[in-house]
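Data first, discussion second: the structure below is written as structure tokens.
Think of it as A, B, C, D and E in the order they're written, each chain with its own count starting at 1.
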Amino acid sequence: MADVAEISGPQTAIEPRGARPRHAFSRRNIFIYGTLILVAVYYLIPLYVMVVTSLKGMPEVRLGNIFSPPMEITFEPWVKAWSSACTGLNCDGLSRGFWNSVRITVPSVILSIAIASVNGYALANWRFKGADIFFTVLIVGAFIPYQVMIYPIVILLREIGIYGSLSGLVLVHAIFGMPIMTLLFRNYFAAVPEELFKAARVDGAGFWAIYLKIMLPMSLPIFVVAIILQTTGIWNDFLFGVVYTRPDTYPMTVQLNNIVNSVQGVKEYNVNMAATILTGLVPLIVYFVSGRLFVRGIAAGAVKG
Amino acid sequence: MTSVSIKDLSLEFGAVSVLKDLNLDVGDGEFLVLLGPSGCGKSTLLNCIAGLLDITDGQIFIKGKNVTWEEPKDRGIGMVFQSYALYPQMSVRGNLTFGLKNAGVPRDEIARRIERAANILQIEPLLDRRPGQLSGGQRQRVAIGRALVRDVDVFLFDEPLSNLDAKLRSELRVEIKRLHQQLANTMIYVTHDQIEALTLADRIAVMKGGLIQQLDEPLTIYNRPRNLFVASFIGSPAMNFIKGEITGTNGSPVFRAGDLTISLAGYETQQSLAPGHCVILGFRPEHITISDVPGPAGRSCEAVVDLDEPMGADSLVWLKVAGKAISVRVDSGRRYQPGEKVFLIFNPAMASLFDVATENRI
Amino acid sequence: MPQQKRPIRLLRNLNAKIAAVPMMLTATFVFAGGSLWTVLYSFTSSKLLPRFSFVGAEQYERLWAAPRWNVAVENLFIYGALSLIFQFVIGFLLAALLDQKIRFEDTFRTIFLYPFALSFVVTGLVWQWILNPDFGVQSVVRSLGWTNFEFNPLYDADIVIFGILIAALWQGTGLIMCLMLAGLRGIDEDIWKASRVDGIPTWKTYLFIVIPMMRPVFITTLVIIASGIVRVYDLVVAQTGGGPGIASEVPAKYVYDYMFHAQNLGQGFAASTMMLLSVAVVVVPWAYLEFGRRRHG
Amino acid sequence: GPAPATELEVTHWWTSGGEAAAVAEFAKAFDATGNHWVDGAIAGSGSTARPIMISRITGGDPMGATQFNHGRQAEELVQAGLMRDLTDLATKEKWTEVIRPKSLLDSCTLDGKIYCVPVNIHSWQWLWLSNKAFETAGVPIPKNWDEFVAAAPALEKAGIVPFAQGGQAWQVNNTFAVLMLAIGGKDLFQKVYGDKDDTVAAGPEVAKVFKAADDARRLSKSANVQEWNQATAMVINGKAGGQIMGDWAQGEFQLAGKVAGTDYTCLPGLGINPTLATGGDAFYFPLQKDEAKAKAQEVLASTLLDPKTQVAFNLKKGSVPVRGDVDLNAANDCMKKGIDILGKGDIVSWTDQLVSQDTQKQFEDLFSEFFATAMTTEDAQERFAKIVATAD
Amino acid sequence: MTSVSIKDLSLEFGAVSVLKDLNLDVGDGEFLVLLGPSGCGKSTLLNCIAGLLDITDGQIFIKGKNVTWEEPKDRGIGMVFQSYALYPQMSVRGNLTFGLKNAGVPRDEIARRIERAANILQIEPLLDRRPGQLSGGQRQRVAIGRALVRDVDVFLFDEPLSNLDAKLRSELRVEIKRLHQQLANTMIYVTHDQIEALTLADRIAVMKGGLIQQLDEPLTIYNRPRNLFVASFIGSPAMNFIKGEITGTNGSPVFRAGDLTISLAGYETQQSLAPGHCVILGFRPEHITISDVPGPAGRSCEAVVDLDEPMGADSLVWLKVAGKAISVRVDSGRRYQPGEKVFLIFNPAMASLFDVATENRI
């Protein structure tokens, strides 16, 4: 603001008129954009390194500079990571894991969101005695380290008789997604005007009719957030994937771990990086496509005062 | 015949008692307004009638049927909400038909009712729009339509106009009044806007702290408020209050507050006005006249103008009388200057007297 | 007039109760039940399989005598404190910068947020690679001429926790920034105007007015960060495996290792119980205040 | 008659180059019986894989067969009745006669019943040396640990890491155990690990072993690797002077086309005390409900012990067959050295059999801390003795 | 002397032009009200004066000084916001002193100013409370206090009362008026409540679409609206409008709409009322009288009562005249029944005539 004082100083040669003069390179702008760009670089470096490395051949990787762009671009590592990298005797890369991940993620996301949204709706709009106690337990559950729960869940799944099956894993994801998802939906539905809900009751709509016809159509933002969070969370899960499935249904992350850790002599960093990118691709795409909705939904569901 | 009848209704939210042993009978075809300050339990009462809140004790009858534990949809009521509460993702038609479809009303009957409601409320051209594409007034009309198509005996309104601006509010007020004349349904209408209450109601129930303070016709409430609360709550600009005592001379009572004495001859009351009784005297601003010359003795006094607030058609003049601020409503033709000396003339027949201790009308 | 019977309480809102059954089951059997089970068996000498052979507090004595556990707890405190501070500070600063009506806001936001899409496993691998002294930052800087440049966090026990922190911040601050941004956007424009009229510098407005107003957002954020801290595991495993030595061990890893590698469930359960206890001490009062009591509105 | 093709899932943690090649031999042989080997490799060493295997078995979704280090890892699973009893098959195929040393089968035996099939004999006690590295440094190839330590300065001067040590806990722990056996001798080893005698563990003889461990720590300062085969790769490439690792490292040398004696040198027992431990891998067969699977399990068990399979597998794996009656002419230099020692009976049981996993883990914690920090040998020994005192 | 002077002010938000070449001079010590419908640019104008929005073109002078490029704090203004915008975590005292401390005002001076403001606004007992512990009216008072302590020449108010309930609003209205009389500062006050505007203002600027429609004293605006918009926007209940044409007979103009004819003799205008001119005639409800007998010819007509809305002191009666709805304000003493036949008497001197094409007053 020092510059303003200068201009409107005693020399009334220029009579201030119209918009306040502004400099594109004011100290403020340099500071803001400078900081942002610097931080952006920090955030982008790993992605850059991953991409660049994955496009180099092994000799080039061994030569050394991880930041230098590839002298000769090769897609070999990508092909290898996708279709021929080996774990033990299986040499079909990540391709199998990809479809397994899809088969795990889709039903898990659907189930966990279905349960949590109905649940959040019941908690927000149909409060009943005792619900808060369960909900509090659930929220505290969000803090319990997964490792602590592995064994009890093994027993639980064994007792139900779905250990090792896909449905077992889906159930596990639904269970561990429940606290945060329910919280999200509960907050969102609690912010829906209560009168809307009352109007529907006067109109004779019951529990499910209100949920399906009134609440669902108006909760797109929060569903987007829930889908994004669950998709990335479940897709990225390693621990449950490895503990609660069997090799023919291993998700992609487990296969990534296998490829990265199955060192055959020298570490093939380029293949590892390609595999890493491939594994992260689905959640990344989800983020890039719906990032804007995500922020809006977060504002609607998470940050309610 | 009573349309809605409430017996000993109590409602508690946890430890907080919001309604206390409330009794209320609403006649068939009556327009009853629940009026009261924020938080007095108006909406709560309405929600109890609608079945949207579980009551703690008491009974509710609608059309002679005990509906205390019925579902809202089975009570024969329609409800209009302050925030409109339209289903945002449905068209206006969808909003109107949602309840009927839920109730399994046949198609042609639905069409008939929609047509009638749309006709009455003049919303035919809006039927295929979404609520988001409507103005505030149109939304409110659709909300009324949603209650209308339910073809019920009792309409409940919860501050249906308070989200609208003043102009629209007065327009829709007239429409609601017309609608009532046309349909002759029972209507229970919650508001905290007294103009609405006064213009719409057959009877007004003034509430405070979960209790009904006075249940009467609008002009009775305006002119003969039963207690200090009703007197001060109703009327804008508010009633002027002066604290003083009765000093009876020769059977004709006189009100005295410091130097100010006002004869109470002509004041109608069942009780006797015993000398020495501490009372509060209330005058509405329009029941005091400003004059340049003193009026009859004992009904007039001198005052100094403090402030003149022109309000278009009339003005509110604030004056100081014996150290007290008094407001008087006058025609806006003449402006008064601060400091100007004038005389006030009181009409005891239009006054209200309240006991200081009980705050009830004497 | 007939006096109507009050309906049975349990049957009112039946559908809502049915809908909440999954939650009740999960809360009861998985979270409460699982925790209880864990606590119970932490007093046993279970090895590979849970067996109810009561040994009292023996597992706890051993736990707190184990240097590795103490290192893990200490690490968690350091990591937790640092991560809490940095996530808040960086997340808030970024959000504040993005809130300056800047150009390319969407681009910047996406850049800051995308790492959140990646798993800790991936994050750990990438940063392990970037921080590797033989190919990563250190060697690149050295090859530029500064041959004495020393930046080798992953193989230096004293600073390895910072190496993990760098990766954790990279992965997590985006979300925090988003939350903070949403919070900032929720603040009344008029507050900003009032402070400008009062002539209060921007930084003071943030510090004394805006930040105190963002309490609810901060609490949400705190919950998210804190739950992440207690659970930190994958990142450590992927990045350092707990090394060098035991320098970057964390409690969750201790639990896992003793339950499964060492095949000493009792010991693992004892460590789990300690984690549960610390979670409970922090979270239960908060959750009670947040969800248990505030029931009006 | 030929059994109908049954798919049998087999889990193991053999994922490095040499290991994968070896396990392929098993798969080939099993597939040749008309059944199908479904490979369930889990990368990242036994400590990653075992929890998963155990969860699967206790979770009621057992695999057809699974690798464990025989010894005490699966003891409780057997006790819990989750493992298949192979005694009948063993009697039929006379395992007690063909499998040697006898201790291998003992480790599979509980209450007189046999529950696992040992498939190879592994010994840890090898020092692998890169001939190229010593040539570069201009010093003769050491013949034992002490010479190796003495040659280290020359290697360092030449920019070579003297001692390649993977950072993972199981590696450093075993390095120490190898030093114990080689430097302290068979008796000391037995007293510490077998008898769990903590006074010995705190005594001067073990202090000597700690001195040697201190040397190893010093020489491996700049290794910066985690996985064992990366460390081996350093030796193969001449970037490191030597590595203490089990005989499976040989698989990596072979795969890289290196020849024992010319490209690399192996010193069993670190060239001091040529005693080998007979650890190894074994396959367990979790109880299966499916009749066909149970049959296939039996087929697999006998396939694993088939002489031809044994040879093919062990040549690739770099380990010694469990059968004494197979022809091992194809074995190379190092393997022959090993077979010789085994033949002489200079054997001990390895730590897997002697102490529980729990105790192992505590050792691992201690030594991974020891190797990564500047902990004094005295402190380390004191803590070592404490663990020995409570070991089971 | 002008206190605030705005020259050719334009403001655009991107492509949207909100204010267009606006000129406005506010006298020293004047109370100017900006009145207009929502979205007309009132707040925008106020923010421009405060320096909270960067203008696109034009100049702003305060106390003769060109402040177009000055920071808000250096303009010598204080501002009060609709949402109060109090700093929620600071005590009332903190709210009042925060700005002063930043400006480096000495301690004793701060104390002096706080004392004065607290005294004027009667918030001494509240000084140590947090805003969250205050009622709406108290908060508003604190918000005014924050502007007060700045000791500035110009106060800007942006709908300071619109978040309060009706009763409180009328109370605080009086207080603000008194404050102005006491301080004699220049005040610019934004509202869309016409009662506020009429009661408070020395002059009112009625705005629409970023343009000032009329800038005049309250009663002039009320009685002589310059155009149809001002006429319809001001006054509640609203002015009655009838569309028709001038039919001149013998130089004395007559208004005719269908069967209805009203003599315009006595209507003041500079323009000539040419026969055949299409016009809109406007009458405020209080400028029509209801009578049981017909009035003088040409100034009276028959009407049928439609609805009677009692509003306490007076009633609004809706009638049908020649197919048009007309509202008349009467004393609430007499009630009218729907269907009742009465006569209306018009007073042309109080009428307003507007050109149909330009909508300007004739």
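Criterion: a contact is a pair of C-beta atoms (placed from the backbone, for glycine too) under 8 Å apart; a residue touches a chain by one contact, two chains touch by 3 or more.
For reference, the UniProt names are A, C = Sugar ABC transporter permease; B, E = ABC transporter ATP-binding protein.
Everything numeric in this text was worked out from a predicted model, so none of it was measured.
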Margin query: Between A-D and C-E, which chain pair is linked by the larger number of C-beta contacts?
Written below: A-D
Item checked: Greatest separation from chain B - chain, by CA centre -> D
Check: Measuring between mean CA coordinates, which chain is farthest from chain E?
Finding: D
Notebook entry, point to check: Using mean CA coordinates as chain centres, what's the chain B-chain C distance in Å?
Noted result: 55
Next item on the list: Could you please state the distance in Å, as a whole number, between where the Cα atoms of chain B are centred and where those of chain D are centred?
Entry: 91
Next item on the list: Could you give the separation in Å between the centres of chain C and chain D, each centre being the mean of its C-alpha atoms?
Entry: 38
Checklist line | Of all residues in chain D, the ones touching two or more other chains | finding: 51, 55, 58
Checklist line | Junction residues of chain E, two or more chains touched | finding: 71
Margin query: Touching at least two other chains at once: which residues of chain A meet that condition?
Written below: 150, 257, 260
Margin query: For a test of understanding, state which residues of chain A touch chain D in their complex under the given definition.
Written below: 86-90, 150, 154, 157-158, 161, 163-165, 242-244, 246-248, 257-267
Check: Inside the complex, what are the residues of chain A that reach chain B?
Finding: 193, 195-196, 198-205, 209, 213-214, 217-218
Item checked: Residue ranges of chain B in contact with chain E within the complex -> 37-38, 165-167, 170, 173-174, 177-178, 181, 192-195, 198-199, 218-219, 222, 233-238, 284-286, 307, 309-314, 316, 318, 329, 332, 338
Checklist line | Sites on chain C touched by chain E in the complex | finding: 188, 190-191, 193-201, 204, 208-209, 212-213
Item checked: Contact set on chain C toward chain A in their complex -> 9, 12-13, 15-17, 19-20, 22-24, 26-35, 37-38, 50, 93-94, 97-98, 100, 102, 106, 108-123, 125-127, 129-130, 135-136, 139-140, 143, 170, 174, 178-179, 181-183, 185-186, 215-217, 220, 223, 226-227, 230-231, 233-234, 251-253, 255-256, 259, 265, 272, 275-276, 279-280, 282-284, 287-288, 290-292, 295
